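Both complexes shown next keep chain A, but they swap its partner, so chain B is in the first and chain C is in the second.
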Partner chain A sequence: MANKTHNFFISNNDGNFEQCLKCSICTVYCPVSAVDPLFPGPKQAGPDGERYRLKNPDFYDESLKLCLNCKRCEVACPHDVRIGDIIQRARLQHSPHKPGIRARLLASTDLVGRWATRLSPAINTAISLKSSKEFGHQMLGIHKHYDFPTYARQTFVKWFEKNALPQQGGFEKKVVYFHGCHVNYNDPAPGMALVRVMNKLGYGVELIDDEKCCGNPFMANGMPQRALQLAFRNMNSLRQIANKGLEVITTSSTCTFTIRDEYKFVLGLDNADIRDKVSLATRFIFKKLEDEELELPPVRPDFKIRIAYHTACHMEKLGWAFYSANLLRQIPGVELVMLDSLCCGMAGTYGFKTENFERSQKIGQPLFNAIKEANVDAVVTDCEMCHSQIAMSTGMKVLHPIEILDMAFS
Partner chain B sequence: MGKKIQNYDVVVIGGGITGAGVARDCAMRGLRVVLLEAFDITHGATGRNHGLMHSGARYVMSDPENAKECIRENRILRRIARHCVEETDGLFVSLPDDDLDYQRRFIKACLKAGISAEELAPDEALAIESSVNPKLIGAVRVPDAAIDPFRLTIANVLDAQMHGATVLTNHRVTGILVESGTVAGVEAESKDGKFTFLAPVVVNAAGAWCQQIASLAGVTINMFPARGALLIFGHRVNHMVINRCRKPSNGDILVPDDIVCVLGTTSNRVPIEEIDNTCVTAQEVDLLLQEGVKLVPSLERTRILRAYAGVRPLVALGEDDSGRNISRGIVLFDHKERDGLDGFITITGGKIMTYRLMAQKATDLVCRKLGVTAVCATATRPLPGSEPVAEPDDDEEVENTMSFAHRAALGRHGTRVEMISEDKPEQRALVCECEHVSHGEVNYAIKELKADSMEKLRRRTRLGMGTCQGKMCACRAASLFSQADGDVERHVSDLKMFLNERWKGIRPIAWGSALSEAQLSAMTYQSLCGIDRINYSSPTDSDKQ
Partner chain C sequence: MKFSTIIIGGGLSGLTAGITLAEQGQRVAVLAAGQSRLHFTSGSMELLGYNAKGEQVDCPLDECRSLPASHPYQKIGVENLASYAQMAKKLFANAGIEVVGYETMNHIRLSPIGVLKPAWLTLGDYITANMARQFPFQSVLIANIAGYIDMPTPFLKSAFEKCGVKCRVVEVKTPMLENLRRSQTEMRATNIARVLSEQSAVDQLSVEINRSVNREQAILIPAVMGITDNSIVQYLRRMVTRPLFCIATLPPAVTGVRLQSRLRKYFLSLGGTYMLGSTVREANISSGKILSVAAANLPDQKLKANNYILATGSFMGNGLIATQSGVIEPIMNLDVDAPLDRELWTAENLNESQPYMEFGVKTALGLHPSIDGKTITNLWAVGAVLSGHNPIKLADSSGVDMLTALHAATEIIQTEKNR
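== the complex of A and B ==
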């Protein structure tokens, strides 16, 4: 259960911002600074601003809301300053605005998803209607040009229980799958693919009894206390799994990144015991192949696909695009174009918001252009929100790496 | 500068807080006054101290009279220098090594001197100031505060100028004119040549340099200069002034100043020949840290920006120079009575806290000598920047229309922030990113505060005083100066001097991130820009480049 006395902003204030040498490389790599002069840039919003906020919280600046939390500044930083975390924590700590309906709606992926999947045909029709888009635009601040993700008719969990659960007992080796909200409510395809692929590789798949939203949307929408509650629940579940000696695999780069790094650096929790038990499925498989604990199953002889791999921001931060891309390269028939690592501009729920839509599109433009020029059959990415943005903005088919594996092995 | 000989009622020597205060007081009483400063406003001890606005509590045990002066002036400064003061309150903390009996006597003495002193239980103290050593055994809350000596002095200078005073920096006094036992004026020189300032009264407010100035008039003053070293930390660790509740000693005060905090100080007598040496030694740094960490443990992990030292202008009274008879109080010499030299006054000793009272006493004497009856009004009239403002109906909205840099500048210039234009995007652009000094603020300092060099700009805006110690802003500021007057050669050499001065303060604490920062700075300016090899012979050369 959530520890009510945990004070997320006092904990872990280790003065990391003082390592900043003011070199400004972070600002060069910031996707927002590149398109919006009103954003003060990671250095100023982060370590520079932090000094002022420590003097007086009134120095909190609303322009910090423009930050995508992409963490590309942290990747660029030569001195290990957790710039993105500083900004994220400042927003959670100092923003004077209480989260409104939109923030609650966008953040509550779990709650909204549970209801929306039950009513999915109606909901999907409703959210695609011009009039309801106009309503969302005017009343909620969700941009009308954005295609809101549709909801699945059946949740992934329901599908799993009905179609996959009975076979899982037949495997000696087991992994636990943290599916995340998007797979469960919006797009179960990567989840279904994962179960098939892991079974092909000789692993039975289990789900987590009490899987909760990782909490990232709550952090992004100003609800740290809710994020904390979810984090405590998830960490509790993950500990039990770790105690059983099982590993947890995922298909969402952001959920993974949140559990591994945001729990610690943004929420100030001690996740050291579970951090390394959670891994992206592609990394898990790649490592097993490398250690020769696994062999790839035979691939369909007619399998041929030209794909472009897009490195999601949190994949860049995790440093794991290597695993996904190199796993795909090992599949006969896959021709892989590695796109330059650029932000798509979506950043979770950022791009939905009316005030961000244009900026979000501008940020993604160089990536969209590169995709159009790549001349591929599909774009592959580990992030569900990049998927959504790229699909909408380029009209391309977007797939998860595990779906490519699934296609190749079937 | 024009005329080589000028007439005034009074010449004030020294552009520290004392001289600035005297110039203001004299000007407000209608005297024609010129202030001469060899370097820049706040060059000496005024710019090299804690920025602590004493409640007087630190002196209650040793010098209750001094303490009473402090608390009176403390209340006055809160009114007249609002924008220079941050009302933080202070804690006197007893650690396990300290004696709670001392704390009891301390509280008694405070109350007797009229200083409010509220005893706090350790957990109460930690609740209001979390940075303090959690092992504390007792704490007392007193009305200490933080005061910015740069702002305070600049505001006094501005007010003096508004009342007609002439303030000349970079004017070194080279001689004092004496005619038949009476002072007639002073001689001074600047880069524009030699000048004579005729006046029937000369006030020596040269701080640690009082002895040299007095010697020009043939008068002997035995200064007892005491050096104090201090450390600046990269951000605010504490929100209240923190003192150790014991007999004043080394490294037992931590003051929050703007967005940094300052730990001090040491106290060592230095020979008069060494008062210009402000380098800090490794031993001083070690001593300060060793004591400071006991008071606030997190200082151990906090980045230090620089170390600096100032020289307290203490005076050996009478002919005694043994050091036994040293005053920390205000010293006012009427040299007519003391040495038979009429028209010459020395005002020294004291502290920033009591500068206004020092100025009042000196100006009263000036007025007696000139037969002027005007009374002192400095205790009631607010300084420029601290004028009362009508509370806006919806202050949040007003705040939000200001840029971050403008809000930072509001703290530096008070109500005068209105004079900083930020209408155009280039005026909003930052010159100093660490301290959020905008292009508009630099222009304001150049135009209104007479900043014509990097050091002057720094004292007037905080430019270059932040984490990177001038790495990012120094070249930008030099460029703005060059654009303003076209004198590229002077500004390049000024830039070098400024960077060297920054390094001087970093060197004693050059480890960890501060050292990395300095290396990056050296690489940027020396290797990348080749600053040591830049040689502008004429503006046309620079145009070609």
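== the complex of A and C ==
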């Protein structure tokens, strides 16, 4: 079992590049290859390049930075090659660039968030000011057209402690909620909806005392050691919860996917005992309904909404879009259009970066077009970063599936 | 989750069965571990191209009668093949895929490296010849895209010339396509197709093609257009001054991706559930029946159905796995037709037919596989996972994929009616 002395750079490299059949199917589904000829593509950047890098790390090519870590290549691969993991690890191991201020700023969702929520009115004004956007663009490389997520006045945790905690003891059944950084600092709405929905379904909600950022932004921004520290803390908490016989639910597809897959395949940790213990709330509810342990509460009679469901990349990798979509389909009054599963181009913090902005928009274009054609009241997705990108790029209202449930039940 | 039928494998075979069942109103789930061999399909389907002696077959339906009893066509009854072949054609039409060809008479397709091969159905945008190797034109212009290397034009030119067709090769350049050449590795058919999905890019291309053509009767381009449907190919056809056809390219093939995505879309439109990235790892079997299956990415989730179809393909999609101790079917450890002695797996001469090509799941009764000799009555194995045929030697792979799937679906529909 891994422990605190575990070092990312010496942990065993478990990439299964030798499983590659050279069929090239992965290259068809890479959203970056589709728009940028300078990206070598999943096959070349992944299994093909890995053979060279193992011989001599000088073969590492900075163009690997263009990879979104969307894992769509892995989902497409008929031979189970962990292409995205190979690329992600190669970047963390070989990139000669040390993370700069921007990388630290974008990655530290937790630390930055804690300060920003305290100062939120000032920060939000600052974020939206043209002059600071220009500053961000010039000095930090955060693209000025990008609406950087604003910060909530009050963290989700504060809201929970004040408004929800007292009632949670009144439920016989309990469930633990891993809210993630975005719900806590930027957009508490899905978290608040989750508490209300779970209460309606008869579950009291508990939070995790020592919840940490899942670590994904640190992996994406070249700080694997920091990601490891966070992963240890979270795995520790999750083990304690599992020992108490409680289940953990989430609303963020990326946090969930990170704990399930990236801890193991990118950070090289042994997460076998907890990887299947964290479930998206939609999957949790769907399964309880299916097993007839739950019944849907009555839905407002006037409830009617036409929504388009967008499958986030990490949702595609989890293979769980089925749960969210089919839970929503069970709600009377919901008319659901399933969008083709396409990358929105945001990929966590990728689209924020000035050098990526245009590429990011180009990647998302087919999805944005499909959304415009869908003629719906709102777009629904399980990913908070897709939420930002779609809202900014299409002007549509974007909601979390749990928010739809909350609207229907209230 | 409960379905009428669960299909493991999402390629041509799995989708053929899935569509047929969903058309009858069944609740069907397709579980696919990844994308499929369809991506290699170079525009044509084969029913039976050669007989056991390696001779070219003109009338595939007639020739099927002389196949050995171990061949999948014999297992589903050669007398049924004609109606299944008709069903397959209808399925393509329903899914919005235009094909030409007859099960009663093969035609000639042109492989990406210029080999002339018998085929059963070919997508409407491709050039074909009759079995006497006569093309409908005396002179053609091959207009390749500069920098695109997955279509070896010298081979194609010589193939046409051998058939008495005059052939000239040109390379065309357009600003939008030139941009792709900045890539060292990814000037692939599918990436070109993304650029050529815009009318403005096709307009540029048509200007260049029209400029290049002399007195040739037809224009041939690599099949690098139309990832989701062939409307953009139709558009180009209207813009150029001669009849225009496509030539198959090396994989990944644009038309293969098109076939996969159209079939899948059609299946979804019928209410089917398609779960990509769901690798089935185990099945719960009791007294000769599957009770449920489980996928790696769906822990604690029982996937239940009345009927199950195994359409996992051969070695490429991990439908079969070669281990030190033998060839296995990894999900249920079904009985397989493959010798334990590894020496017998391959023939020394690489050009000879390779024994491992015929390995696969053993089916005693129809398409029902068995475990330790005990038949699994609610499971059907279809497509490339079946033993008893060499798809390279016989050129029968799409036929086996589709017709066995149609047979299984027909039996399942009957079983459900009797229920």
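The criterion applied here is as follows: the second predicted complex is superposed on the first by the 398 of 410 C-alpha atoms of A that agree within 3 Å, B and C clash if a C-alpha of one lies under 4 Å from a C-alpha of the other, contacts with A are read in each partner's own complex, and residues count from 1 in each chain.
Just so we're on the same page, a residue touches a chain if its C-beta (ideal position, glycine included) is under 8 Å from a C-beta of that chain, and two chains touch if they have at least 3 such contacts.
Fair warning: this is a prediction, and the values are worked out from it, not measured in the lab.
Chemist: Which of the two partners, first being chain B and second being chain C, lies in contact with A:E50: first, second, both, or neither?
Modeler: first
Chemist: Taking the superposition on A as described, I'd like to know which of chain B and chain C A:R153 touches: first, second, both or neither.
Modeler: neither
Chemist: Which holds for A:R329: it touches chain B only (first), chain C only (second), both, or neither?
Modeler: Touch partners of A:R329: none, neither chain B nor chain C.
Chemist: For A:S24, select first, second, both or neither according to whether it touches chain B, chain C, the two together, or no partner.
Modeler: both
Chemist: Determine, under the contact definition given at the top, whether A:K173 touches first (chain B), second (chain C), both, or neither.
Modeler: A:K173 sits against neither chain B nor chain C.
Chemist: Between chain B and chain C, whom does A:D61 touch in the aligned arrangement: first, second, both, or neither?
Modeler: First partner only.
Chemist: Does the superposition put A:H79 against chain B (first), chain C (second), both, or neither?
Modeler: After superposition on chain A, A:H79 lies in contact with both partners, chain B and chain C.
Chemist: When both complexes are superposed, which of chain B and chain C contacts more residues belonging to chain A?
Modeler: Looking at chain B versus chain C, the one contacting more residues of chain A is C.
Chemist: Quick check for you: in the superposed arrangement, does A:K304 touch first (chain B), second (chain C), both or neither?
Modeler: Neither: A:K304 stays clear of chain B and chain C.
Chemist: In the overlaid three-chain picture, which partner chain does A:P40 touch, first (chain B) or second (chain C), both, or neither?
Modeler: Touch status of A:P40: both partners.
Chemist: Enumerate the residues of chain A that count as touching chain B in its complex and touching chain C in the other.
Modeler: Shared contact residues on chain A (touching chain B in one complex, chain C in the other): 21, 23-24, 37, 40, 43-44, 79.
Chemist: Quick one: which bits of chain B touch chain A in the complex? Just the residue numbers, please.
Modeler: Listed in rising order, the residues are 234-236, 256, 258-259, 298, 301-303, 399-400, 404, 407-408, 425, 430, 433-434, 436, 466-468, 471-472, 513, 516-517, 520.
Chemist: Would you tell me which residues of chain A are touching chain B in their complex?
Modeler: Touching chain B from chain A are residues 14-15, 17-24, 37, 40, 43-44, 47-52, 54-55, 58-59, 61-62, 79.
Chemist: Quick check on the complex: what are the chain C residues that touch chain A?
Modeler: Chain C reaches chain A through residues 1, 33-37, 39-40, 179-188, 190-191, 194, 251-252, 257, 268, 273, 275-279, 295, 297-301, 316-318.
Chemist: Which residues of chain A touch chain C once you look at their complex with the stated criterion?
Modeler: Touching chain C: residues 21, 23-25, 27-29, 33-35, 37-41, 43-44, 75-80, 276, 287, 290, 316-320, 322, 338, 341 of chain A.
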